[in-house]
Each structure stands twice: as structure tokens, then as C-alpha cells.
Amino acid sequence: MAQFNEMYQGTAVRAPYARLQDWVAAMPQELRSLKQAEAEALFRRIGITFAVYGEGGDPDRLIPFDMFPRVFSGAEWARLEKGIKQRARALNAFLVDVYGRGEIIRAGRIPGQLVWQNEAYEKAVVGFVPPKGVYSHIVGIDIVRTGPDEFYVLEDNCRTPSGVSYMLESREIMMRMFPGLFRENRIEPVDGYSEKLRRTLASVAPKKCKGDPVVVILTPGHFNSAYYEHSLLADLMGVELVEGQDLFVDGEFVYMRTTEGPRRVDVIYRRIDDAFLDPLCFRPDSMLGVPGLMDVYRSGGVTICSAPGAGVADDKAVYTYVPEMVRFYLGEEPILKNVPTWQCGRAEDLAYVLDHLPDLVVKEVHGSGGYGMLVGPKSSREEVERFRAKLIEDPGNYIAQPTLALSTVPTFVEEGLAPRHVDLRPYCLVGERIELVPGGLTRVALKEGSLVVNSSQRGGVKDTWVLAE
Amino acid sequence: MRLTVDHVTRYSYDHPVRSVVQSHRLTPSVFAGQQVIDWEITVSEGTKGSTHRDGAGDQVQGWTIAGPVSAVEVRVRGTVDTTDLAGVLRGHRETVAPEVYLRTTAPTRADVALESLARTVGDSDLLSLAHSLSTLVSEAIAYRPGVTHAHTTAAEALALGEGVCRDHAHALIAMARVRGIAARYVSGYLFAAQDGTPHEAAHAWAELHVPGLGWIGFDPANRCCPDDRYIRLGSGFDAQDAAPIRGVARGGAREAMDVTVAVLQAAQ
Amino acid sequence: MLSRTADNLYWIARYMERADTVARLLEVGSRISLIPSAHGYRSEWDSLLQASGMAAAFAQKYGDPVQRNIESFLFFDRDNPSSVASCITAARENGRIVRTALTSQVWDALNTAFQELKQLERTPRSELELSRLTDWITRHAAMVRGEIDATQLRNDGFNFLNIGYYLERGDSTARLMDVKYYVLLPRVDFVGSGLDNYQWSTLLRAMGAQRAFHWAYGGEVTAAKIADFLILNPQSPRSLATCTAGVVNHLGRIAKAYGRETPAQAKARALLAEVEGTTVDAIFDEGLHEYLTRFIRDVSDLALSIHDAYLSGEMR
């Protein structure tokens, strides 16, 4: 498979990377090692670490940071931006629709059972339209590239996509270590993200809110692997970082417990799952949530971001229909393509998948983080056969996709600079307006040839540049 | 029939709790089969919170009780005129698609026994199938209070062969879903003095969805469809989801609950 | 600020100060065990454990109070919630939770203490002299405290940190004195003896106050002077008067900032008035032990009031 190296066209360096060529050439090995160590020390110092689910080990483990940036030209980004915003609009229109009249289902454009029998479809919010008609306020869209103009969406994240702290901190560290790079290249800043996020959250304050909305971030707590991110965002936005126990319902509103007494809360950016939000509505054993929250929410006393039930739009089985959503709700052709996907729950698709297992990537419909997936071409025959058994047992739980020839970006490795596969997760903000900072999280598979970029599977991160035109 | 309800739920705590939050589905459903004459819910020392009608048509009311309190009393009193619609939930406004109720939950998951029992009846029209399933449940699970508890599953109740209305409803829901019929749990009241049956006045049954007719109630515990002796409050996937009162007390005390319900026929 | 945040800040301070106290306790113990006494050195260690309320937990795990084990127990043992390792870890964890309420310098100081602790834990015990351990704690406790003073914004968070420090310090001064008077000295007829005086100097030394004491009082060390210095003297950095005044001051600032008083302010003022209104004679008439016990109880009452008013989040 011919792989597209984003830095080169043939032997010529592509324009966006032009100045990086000289930068690398001018950096001797010793300086590079020094800088790499400096970067790591900075990351550890600020405490940005990532605990991997279910792996135990060092909870203070660092995600490897690669200093070689990933670069988009202004024109490339402009097109991506249009596609991302389009998709975010369609996903929200879909959510409002399926919790309302379900026109897209009535029109036969998406099977009803995929929505109604989906675990992520929340009966409790049917008939409720959140402020400004937004269910998913932060849409993280995972995008891969296979050629100069070939972009594919791998998956959508409509609940609480994480990783934006890496986008912010990678930039911070690059600017600190290589100020010269930022003078030579005209790189669009990303540090407006927190202000945009705050504005987005404030713009969806409930009707009952008078005056300046009080926004908080709700975290499951300091043992959560993304706690650093929660506290960074709270700090950058200047809002409180609360746990469920800090909030309580009294009468028609939600309050937080402060040293000055109860303070009303208008908008909750929650980083916990629906199931844990309110023991009176969802899991009765949840200790992380706020009893009575959903009653207040449903009657417009508080806004929850993302809205409970938003997850039905980023289900891997629903994913297949996102291009349909774009056409149905917006009357436009999708700018970003989907990766062709086989639904293993469909008999004819399953047959194809079973026949071509060694060539495909098979994922769990509800899985995340790169767990429980099969990368056919990278797996041994035994691994494929073991997976086949799992697949046959519960086909509805899986989807399959062809293995794409993911683009690579030069990456610092032991031996010097070498191509490694990357993906991209931009964070689209949806409130009164739709906004996107120029950039995102570039994840890189550090293992040679590996296509899995998840941090739990030896993935690293890079700074992502968008050049000003 | 004109029915009066007096329903008292008393929670007591072994030491004072700091606060209590509750969510109620205690208001009679709005549909052609029942009309509320008067209805009042009081909560001792409680503050009325938000209220809304959810997608399933239930009136949901939040309450908060600021502590310290050692006991909370929820009292429901009211009068409702009921009409026998042979179980059909006519004129009920709701927006949840019936297909949503094809999803299973832990207490309504069909095991092999429930599944094979559900398949013992033939594929006639859906309405007769629904009736047959309800009859099967009535025969397979004898009414006997005290042998099952709040977390007993449909499968366990069937294996036991005994249970209460909650278990009957769970079993019927599980079996209906096996046959592709959307089904849900309904909580409400039953006026039972008439025939002297021992069933609880705080009652539960199931509704099955038959396209063309809509939702139809079945009460396997009483081998009938809900008529004018029934008052419908709310619905859900299972007993917990449809519970008339869900609540949490803050302060880690042991909770005891005492319920008394009187449903009587009133003079018109 | 969030009540939970205030609570975390308050406990960062208490844990850091507590770790410091444990170090001082270890120092008192090791010094006193170096001189001959009525019981032989073992019982001094035992007395220390009794006084710090950790004797039962220690006996259950280690049996005899051997110095080596006591060092392990007081310094490294994570089963002991008051050990230095437990305190530093808890302080750092509280700090991690409220990272954004701390300056990066304070966080650095807390985190460095924690990272170095992990290194100490990996170092063979034979390479760790007790004095190195106690110096290590005192240094890190001072660094954290110093960064707080130098860099934290003078807002409510700063006040809660200080309240934690002053409460813990007042409590620990009272306890350390009580150890000396009630536990260490074997019999009443030893009062005023060489042993008595030696123990007092050791105590002063452990509190880093020996020289300050001599500057202030001169001459021989007596129980009355010590009591004056450690209880009543507002110049002494660890005296009960200083600590109580610190709590009153920071509670006052909070009341002013929030525009309302709570029962905690009244309680703190009452305690201060009592400390300031007494004399050494009155204290000895009541009995030093009785006086200190009462003070410790009052401090714990005050802590409870502060918890109810600000840290629990239950205040309406």
C-alpha cells in the first residue's frame, strides 16, 4: 500500500513543511536529545499524565510527546474546517430529531431500531429540546488522511471527547522550547480554545438563568485518568471544577456548596457518563452524580453539556449514516467522507467480513480507546481466529472497515527521523455559534508500522499546526 | 367508577439525615380511561421542585427535604373517575417510540425458560398472542407475597413459580419482547375490595404495544386487562424505571419504609 | 470558593504541619533515649507513642518499641495515617485535587517532597540516619510553607491554608508539652531535677526554639519559663497564644471578605481571650496536663466549628 508522507511529494518537500526541513537539519542529535528530555520534564512538571484504563501500572505515566509538528496549510485546513462544522451541525440536528419526531427514521433514511434500541438512546429526555437545540457541545471528530486531498472520518465523539489538554499543552511546550519556529512560520494560535469553550457553554444557559451564567465542570474525581484535563480546562476558563458531592438540588435549581453558602449553577460541562449523572433517573448506585439533577434539567433549571442522550449519535453503528444525516438535514453533500463500514449485525455484511477478516479492522460498536479491536493485517493467524469466534458469537456488537493507508508524518525515533502513522482529532464547539480553533490533537503511532494511535497502545502526541495564509 | 386514594409512604432513618431528594411519578396519567377530580401530594417539610411531563407522558415531580430529618412522609390523596376501556390506553399523549420498549433490562431479560415458554404459543394475530402470553404468566407464576424482593428478576420468579405483581409484570414484559412485542412496566393503584382478592392496592402490571391499537394493559396477577378498578400512574422499562417514588437520602443512615394504601369506591 | 477546595487546602496545611511534628517527635525521642533514665531508654519511646496516641497501633504491628521499628512506624509506615509518608502523600494528593488553587511554586514544593519521599522509600534503611530523615522533613515542610507565604494570592484560600497551619501547630505544641510533662517525667519528685531540665531543653531544641528561648529568658530552664514561652508568649512562633491569634486573624479576614460571621469566629475569639487572659501561675494551679488537655479539646471543637461553617458545604 502506498503511504502518503505528509512532508513529501516524491522527493520534494511539500510547502507547509518547507521550513521544518532546515530546522531538523540544523538540530544535531545531542541538542535533540536535550530538547526531548526538556519536553518530558516540562510535561511531568505540569503533571500532564495519562493513566491507562484497566492496565494498572504507573498512574503518573506520561504520554510520549514528539517534537516534530504536524502541519496543515491554510487551504487544507479551510476545507477540513468546513467539513467538520458541517458534520457537527448534522449530528446535532440528528439528535434533536431522534428525541423529537424522528423524521429521519420515518423517512426511512436510517433504521429505527439502530436508534431506539440503542443503549445510548435515553428515554428520559425524549421530547426535550435543550437550549439552542444543541445536544453535543463539543464534537471531537477523528480524521485520518490517505492522500493530499483524501480525508476520512474514522469516528465521531459527541459525548465528552478528551485530549484537548494535549493540544493546548503541546503548543505551550513547543512555543517555550522553539520560539524561533514560531517566528519563522506563521502558525495560527490555539490558545483561544478555552475562551471559546466558555463562551459556548455560557451561550446555552437555561431560560431560567438571569444574568451571567455560572458554568462548572463536573469531574468523576481526581482518580480519573483525565483529571488533569478537567482541572486545566476549569483553570483556563476560570470556572469551578466540581464533583457530584459538591452539587445539590434544592427546589427547582442546582447549587454548589461553597464557603459562602450555596451558589446556583446554570451550566454543567460534565465529564461523567449519562449512567452516573443522577441516581434518581439512571443507575441508582451512582455516587458520582447529583440526585434530582435530571428533574431540574428537564424543566429547564440547568443545562447539561453534552446533553444526556447525545451518545446515540456517535455510536459506531449509527456512524455509517452520518453522510445521510448531512444530506437529510442540511441538504448538502458531505465534505468529509466516511470510511466504508460493514455492519456485522447484517447477515450479508457479516459474510463479507468473515471472508476478509485478515484484511479488515474490526471494532466493537460501543468500545473505545483501541481496546477489543482487531487489526487484521497486523494480527497473527491465531489472533484472527480467536477474534472470529468472538465475532460470530455476537456479530451485532461489531463493525468492520478496510485498513486504510494512513498518512505518516516524520517523527523523532531512536535512529533519527522516521515516518509514523497519525490521525487528527479537532474539537468543534457548538453553541449559539459553531466554532473551531485551527488545530487539534494529532496522535501518532510510535511503533513502526502500527496503525493504532491510542495512548493506551503506545500512541504519542504531536503539536498540530495550521499555517496562516 | 369513582375511586378515592389515600396512599402514605413513610421513610424513617435510624439517625437524622442531612437532606432527602425525591423524584415522584405519583400523578394519574392523562388518558380517556381516567379523569382526576382532585389530587394532592404532600411531603412532610418538603420543598416542591421542578416538574415536567416526560416523553412517556408521565408527570414527574421533584422534591427536596432539607435536613436534618429523621422521617419523611409522602402522602397522596385524591379522587379519580375511571372508565373501563378493556385495557386500551386511549388518548394518552406520549412521544417515546414504542420500539424503544423492545430493549431489555436486567430484571426483564429472558432466560432460556422464559424464552421457550414465550414460544409455546402460536403466531396468531398480535392481540391474541398478547393475551396468551399474559395467561401463560398467570399460570406459571402463582401469587404469593414475600417470596420475592425488589431485585428478583423475571427469570428467577419463573424458576420459583411464585411472586407478586411486580414479578408477573416483569415476566410478561420479558416474554413479549422475545416475541418482538414492545412491552413496558406500569405502576398504579387497584381497587380490589370488590371481589375480595388479596392483591395489593399499590399495584403494577404490564402494557404491550399492538400496532393499530396502541398500548394495551395486561394484569397477569389478576388474569385480566386493567379496567375501571385501575388507576394508572406511570411507566418504564421495569419496576425501578417506573417506580412512583425514587429517592436518595444524604447522610448514610439506615432507611426503613412503611407503606399504607387505601383505594375505595366513592359515592358518585 | 468550593467548600471542598477549602477543605483540601486546609488539609494540605494540617498534613504538612503534622509531618513536621512527627519529625520533632522523633528527634525528642532519639535525644532523650541517649541519656540514662529511671526506666532505661525503651520506655521513653513507649511514652512518646502513648502521648501521640499511636501506641496501640504500633504494638499490634511491631510489638516491642525498638527505635528502628519506631522510626519505620513514624516515618515510612503507610498503615500509620500519621506517619511522615502518609502525611506527605495525603498533602500532595490534596494538592493535586486543587492544583488550580495553588501556585505552581507551591505545587512544585509539594510534588518535589512527594517525589523525594518515593526515592527515600527505595533507599536501603542502613543508609538513612535518623537525623537525615528529620532534617529532610523539616526542610520540605519549610519549603512548602515558604512558597505559600511567598506566592499565594492573599484570598480566602490563603486564609484556609493558614487556619490549617495554626490549628495543627497549636495542637502539636500542646501535645509535645504534654508528652514532656505528663509522660516523660517518671515521677513528680523529678520536677526541677537535672533530668527534668535536660528533657525541657531537648523539647525546645526539637521545636527549633532553644536559642530563641535563651534570648528571651536567659538563665536556667524552668518549667514556668517554658510554659510562659510555649503557651503565653506572643513572640514565640509556636506558642498557643500565637497559634490561636493566627486562627483568629485568618477567620476574621474570611468573615470580612464574605461579609458575615459564623460561630467559628466567636469560638476562636473566646479561646484567644482565654489564653491571653491567663497566667503561668493559674496554669500550674490548674495543672499543666489538665490545662493542655482542655486546650487540645477546645482546638478540636474549634476545628469542628470551622468545618461546619466553611468546609462541609452544609452552611445555608
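A, B and C are the chain letters, set down in written order, and residue numbers restart from 1 in every chain.
Rule of thumb we're sticking to: a contact is a pair of C-beta atoms (placed from the backbone, for glycine too) under 8 Å apart; a residue touches a chain by one contact, two chains touch by 3 or more.
Quick caveat, the model's predicted, so the values are computed rather than measured.
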Label of the chain whose CA centroid is most distant from the centroid of chain C: B
Chain pair bearing the highest count of C-beta contacts: A-B
Rounded Å distance, chain A centre to chain B centre (Cα mean): 40
Chain centre separation (chain B, chain C; CA means) in Å: 59
Separation of mean Cα positions, chain C and chain A [Å, integer]: 48
Interface hub residues of chain C, defined as touching at least two other chains: 314, 316
Of all residues in chain B, the ones touching two or more other chains: 66
Contact set on chain B toward chain A in their complex: 19, 21-23, 47-52, 54-56, 60-62, 64, 66, 95-97, 99-100, 102-103, 237, 240, 246-248, 250
Residues of chain A touching chain B in the complex: 99-102, 105, 112-113, 116-117, 119, 121, 123-128, 248-252, 279-281, 284, 291-292, 294-296, 298-301
Of chain A, residues touching chain C in the complex: 45-47, 222, 231, 234-235, 240-243, 245-246, 256-262
Interfacial residue positions of chain C with respect to chain A in the complex: 1-6, 93, 96-97, 99-100, 104, 107-108, 111, 156, 160, 254, 258, 310-316
